[in-house]
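One chain, chain A, links the two complexes that follow: it is found with chain B in the first and with chain C in the second.
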Partner chain A sequence: MMDALWILITACLVAVVCALPGSLLMLKRQSLMGDAIAHAALPGVFLAFFFSGDRSPAYLIPGAALSGWGAAQLSSWLIRKQNLGSDAALGLVFTFLFAVGVILISFFARQIDLDLDCVLYGDIVWIPLERFYVDTTDMGPLAVWILSGTLLLFCLMLWKGWKGWYLTTFDPLFAQAIGFNIGAWNSLLMGMVSLATVVCFRSVGSVLVIAFLSVPAATAALYVRQLKTQLIHACLWGVLSAFLGWVLALPLNISVAGGMACASAFCFIGVWFFTRKFLPSYNRSRSKSFG
Partner chain B sequence: MSEFATIFWVLAGLTLMGMASAWTGLLLSLKGDVLSGDVIAHGVLPGIALSFIGFESKEIYYLMPGALLSGWLTLEARDWLVRQAGIRSDTASAMALSVSYGLGIVGMSYIRYGGKGSQSGLDRFLFGSAATILPEEILFSSLLMVLILGIILFKWKEIFLIYFDKDWARAVGFNPNRADRLLTLMTLICVVTGIQMAGVVLMSSFLIAPAVVASIFVRHFYQRVFFVALVSAVAVFAGSWTSAFFSNMPTGPWVVVYLSLMAFGGMVWRRIFRHSV
Partner chain C sequence: MASNEIISNALEIHSLTVRYGNTIALHQVNASLKVGEMVALVGYNGSGKSSLMKAILNLTPFEGRITAWGKSVSEVLSKVAYVPQRAAVDWKYPATVKDIVSMGRYQPGLFTQRTSSEDAKAVDSAIVQAGLQDLQHRMIGELSGGQQQRVFIARAMARQADLFLMDEPFAGVDMKTEDAIFDILQSLQKQGKTLLIIHHQIDQVIKYFEQVWKLQEGKLETGSVEAILGQRNK
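So, the complex of A and B:
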């Protein structure tokens, strides 16, 4: 029973960690970045493992996050300097890095013992097994600690740089005019997204990360009009989807991550139906900057 | 089958698949919707799981219709999100592909835990392996390529008009939705055939990269039609050669690496020599 509770806590943390950068990504029309980063992190995972010879997250998370962040920078260079469409640039970069990762892993498959499934595409069921020890005291699952740390970092970043996030998201031209460095803010956001993606897919698998980055943010954007409310409501919908998926999946004996992705879709459809039926004026007066 | 015959069949199948997806990708890039291939590739999973639960067979003829149907439904779901719910297309793509893949994972876990047998054979359909290709699959993909080439040749004027100037096409009496439906069908068939050889993730590259390379080097659409096929064939040959040279190397990733290197190399070349095509 305790294990099931740990799974729920982890999933809720994942939902919140993803919903914060996910909302910003959605507003900047870059939602597919999570998908791209989750795949582009593969060579980073391999290199971290190859040079450290250790499977501990202390090496894998920085390696994977750096490689994902590099992919984001490369694709934004392609968009700015090569006049490539943003979707074509993303598609080009993440398939290339994923292919390089697969080649590296199969090239060194005999020397090293790196299983794709267990390193890159984690399974939420195994969360309670990997413990965090201080000296020899058991402090609970490691993933919960890592996710809480990431969440704290994100809250700090959002709180300290609130004006910057606000301006660069909604009116980048104005922000640039009054002296904000758009490129730096954008790469900071990409760093946030790749950290979120990497930290989360180690514990829940890449599919749930992409779902939690996009679906709760879009659910909140159906009726919300303010950035602060958008962030809070996206987190709430994420947590609710995680809870519903957990409740659905455990008795039915199906994949918990898949169940949560489906539950987030149910939430979206429910909210869409509700706003359409009971708040039609909201849909008519939709401003262009949201959703 | 002798080793030479195996290599020949793999090469033939990959070349045909590469050319078909290069042409489809060229049309998709005109339409400005290149990631629909990625959406479909993730969207086939629930269809495969459901077909397996329904028919209890791993034969490709049973899995294919389910895969096509669920890929199409995922794409429709994305378009519904864009049109009806007012979601922007990138968010809508991410939502459709992740939820559909999640549904597929639920189905797969039901197969695994629900005593429906192993899902191990189904992985082949998703993660692709060019080396285990069968002659009848090559026949199928060559039919597909002839079909796509035929569509491009005979619907030339329509495609050209609609994707270069939609309003004018509508004004002179063409129906743009028909071309969209045709292109969706081509993408579906192409992706579902292709992921068996290249895998879910790498399939996008077969669609996107040749069109990007062509846009760097040649200007006219009819030149690009030949150029993307050439690029794709060169990458497939180079990739197959590399994977035959080093043993235990997967073919699909090498083809993708060569395709991407051509694209990146072309960009660097263009930047150095200031060519603008």
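So, the complex of A and C:
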């Protein structure tokens, strides 16, 4: 019973940690970046494990974060300096890095204990087994501590840099014109996405990370009127999706990550239907301006 | 003499060249804007209008020298306001009119600074000057194109700047809104502000402006509307 609670808490933390940078990415119309970083982290995971021989987060997280962040910078450079379209740059950099990761893991499969399925789909049910100890005192699952620390860091970053996030995600050109360092803000966001991706994919796999980065943010965006509400509601939809996915997966004996990803899509469809049915004037006025 | 030049010219451009790879967008451009002047910057698509504005704002690399009141533009950035093209942003963004106008008061830096009473006053005043009082709590996505354009102008006014650089503020607006926007620009000029405005419709430039900068194949001609465009003001 306690293990089930820890698993659910972990899933909820993953949802919130992904929803915060995911909302900012969506507002910048870069939701695909989360998908891309999640895949590009793979060579970093392999290299960290290969050189350390250790699967502990102390090695895997920096390795994957560096790999994801580096890939984001590389694609930004291709877009800004080489005039490559953003879709083409992302497609080029991230599929290449993901393929490199897959080849490396396959090639060294006999020598290392790193399962590609675990990287992609995660294994949340094992979360309670990896414990965090202070001296000999059991403090609970390690993943919960890592995710809580990440969430605290994200909240601090959003709170302290609120106006910067607001302006640079809405109008980067104006922000740059009044002296904001757009490159620094972009790197910070990519750093957040990379960190969210790597601390989460250990627990739930990269597929659910991608879903939690984009779907709850998109669900909240269907009706919110403020950035603050967007962030809070994206977190709430993420938590609800995690809970519903867990409830769905248990009796059906299906993949927990798959159940949660599906639940997040069901939430989106439900909210979309509700806003179309009950807030038609609001939707019309929003679409009229951009149609 | 030097100090007189600083006072009389809000903007000076010397031997400006902008290149994108092997393509030269602007070549050896020289121009100056007097304090309190309102000038239209015209030219065909791809003539280098936006490149010139981006160079002034240091948003693109350039060769040459650009000064505002005798100093480099980055030194006097707080006195410069920029109105980007309306199409440059996503108007579905979850924000109200007042949120966007308030952005004009943001200070660069990684840490958010508190909104002072002076900031609040500047924002309220800009909203009133742009005639957006009734719309200030509306979502920006619910506004018409002309109203969105006024929001951008109000955001620039909230900066309480002395030099305004506007990239096509009349684009995609009806004639009534066009007149309303021009009234706002004229009131800014009456307050002694200097304005450089990119415009792509010659008939409107003839109607509203006296001074014009015309860009053609990367070269700039400056002078009165009559001299440059060969027509009198209506």
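One rule holds for everything that comes next: the second predicted complex is superposed on the first by the 266 of 291 C-alpha atoms of A that agree within 3 Å, B and C clash if a C-alpha of one lies under 4 Å from a C-alpha of the other, contacts with A are read in each partner's own complex, and residues count from 1 in each chain.
Keep in mind that, in the parts below, a residue touches a chain if its C-beta (ideal position, glycine included) is under 8 Å from a C-beta of that chain, and two chains touch if they have at least 3 such contacts.
Since this is a predicted model, take the numbers as computed values, not measurements.
A.B. asks: Record, for the superposition on chain A, whether partners chain B and chain C clash or fit.
C.D. replies: fit
A.B. asks: Let me test your reading of the model: by the given contact rule, A:214 touches which partner, first (chain B), second (chain C), both or neither?
C.D. replies: First partner only, chain B.
A.B. asks: Thinking of the overlay built on chain A, is A:181 touched by chain B (first), by chain C (second), by both, or by neither?
C.D. replies: second
A.B. asks: Examine A:224 and indicate which partner it touches, taking first as chain B and second as chain C; both and neither are also allowed.
C.D. replies: second
A.B. asks: Applying the touch criterion given at the start, work out whether A:233 contacts chain B, chain C, both or neither, answering first, second, both or neither.
C.D. replies: Touch status of A:233: no partner.
A.B. asks: In the combined three-chain superposition, what is the angle centred on chain A between chain B and chain C, taking C-alpha centres, to the nearest 10 degrees?
C.D. replies: 90
A.B. asks: State whether A:202 touches chain B only (first), chain C only (second), both chains, or neither.
C.D. replies: neither
A.B. asks: Return first, second, both or neither, reflecting whether A:29 touches chain B, chain C, both chains, or no partner chain.
C.D. replies: So A:29 meets both chain B and chain C here.
A.B. asks: With both complexes superposed on chain A, which partner does A:161 reach: first (chain B), second (chain C), both or neither?
C.D. replies: Only chain C is touched by A:161; chain B is not.
A.B. asks: More residues of chain A in touch with chain C or with chain B?
C.D. replies: Looking at chain B versus chain C, the one contacting more residues of chain A is B.
A.B. asks: What does the superposition give for the shortest Cα distance from chain B to chain C, in Å?
C.D. replies: Once the two complexes are overlaid, chain B and chain C approach no closer than 6 Å between C-alpha atoms.
A.B. asks: Return the residues of chain A at which the contacts from chain B and from chain C coincide.
C.D. replies: Shared contact residues on chain A: 29, 221, 286.
A.B. asks: If we count contacts the way the header does, which residues on chain A are in touch with chain C in the complex?
C.D. replies: Touching chain C from chain A are residues 27, 29, 159-164, 166-167, 169-171, 173-181, 184, 188, 221, 224-227, 229-230, 285-286, 289-290.
A.B. asks: Note which residues of chain A are touching chain B in the complex, please.
C.D. replies: 26, 29-32, 34-35, 39, 78, 81-82, 84-88, 90-92, 94-96, 98-100, 102-103, 106-107, 109, 205, 207-208, 210-211, 213-215, 217-218, 221-222, 249, 253-255, 257-262, 264-265, 268, 272, 283, 286, 291
A.B. asks: Using the touch definition from the top, list the residues of chain C that touch chain A in their complex.
C.D. replies: Against chain A, chain C makes touches at 57, 59, 74, 77, 80, 82, 84, 88-96, 99-100, 103, 106, 108-113, 139, 141-145, 148, 155, 159.
A.B. asks: For the complex, give me every residue of chain B touching chain A.
C.D. replies: By the definition above, chain B touches chain A via 29, 32-35, 38, 81, 85-88, 90-95, 97-99, 101-106, 108-110, 113-114, 201-202, 204-205, 207-209, 211-212, 246, 248-250, 252-254, 256-257, 260, 263-264, 267, 270-271.
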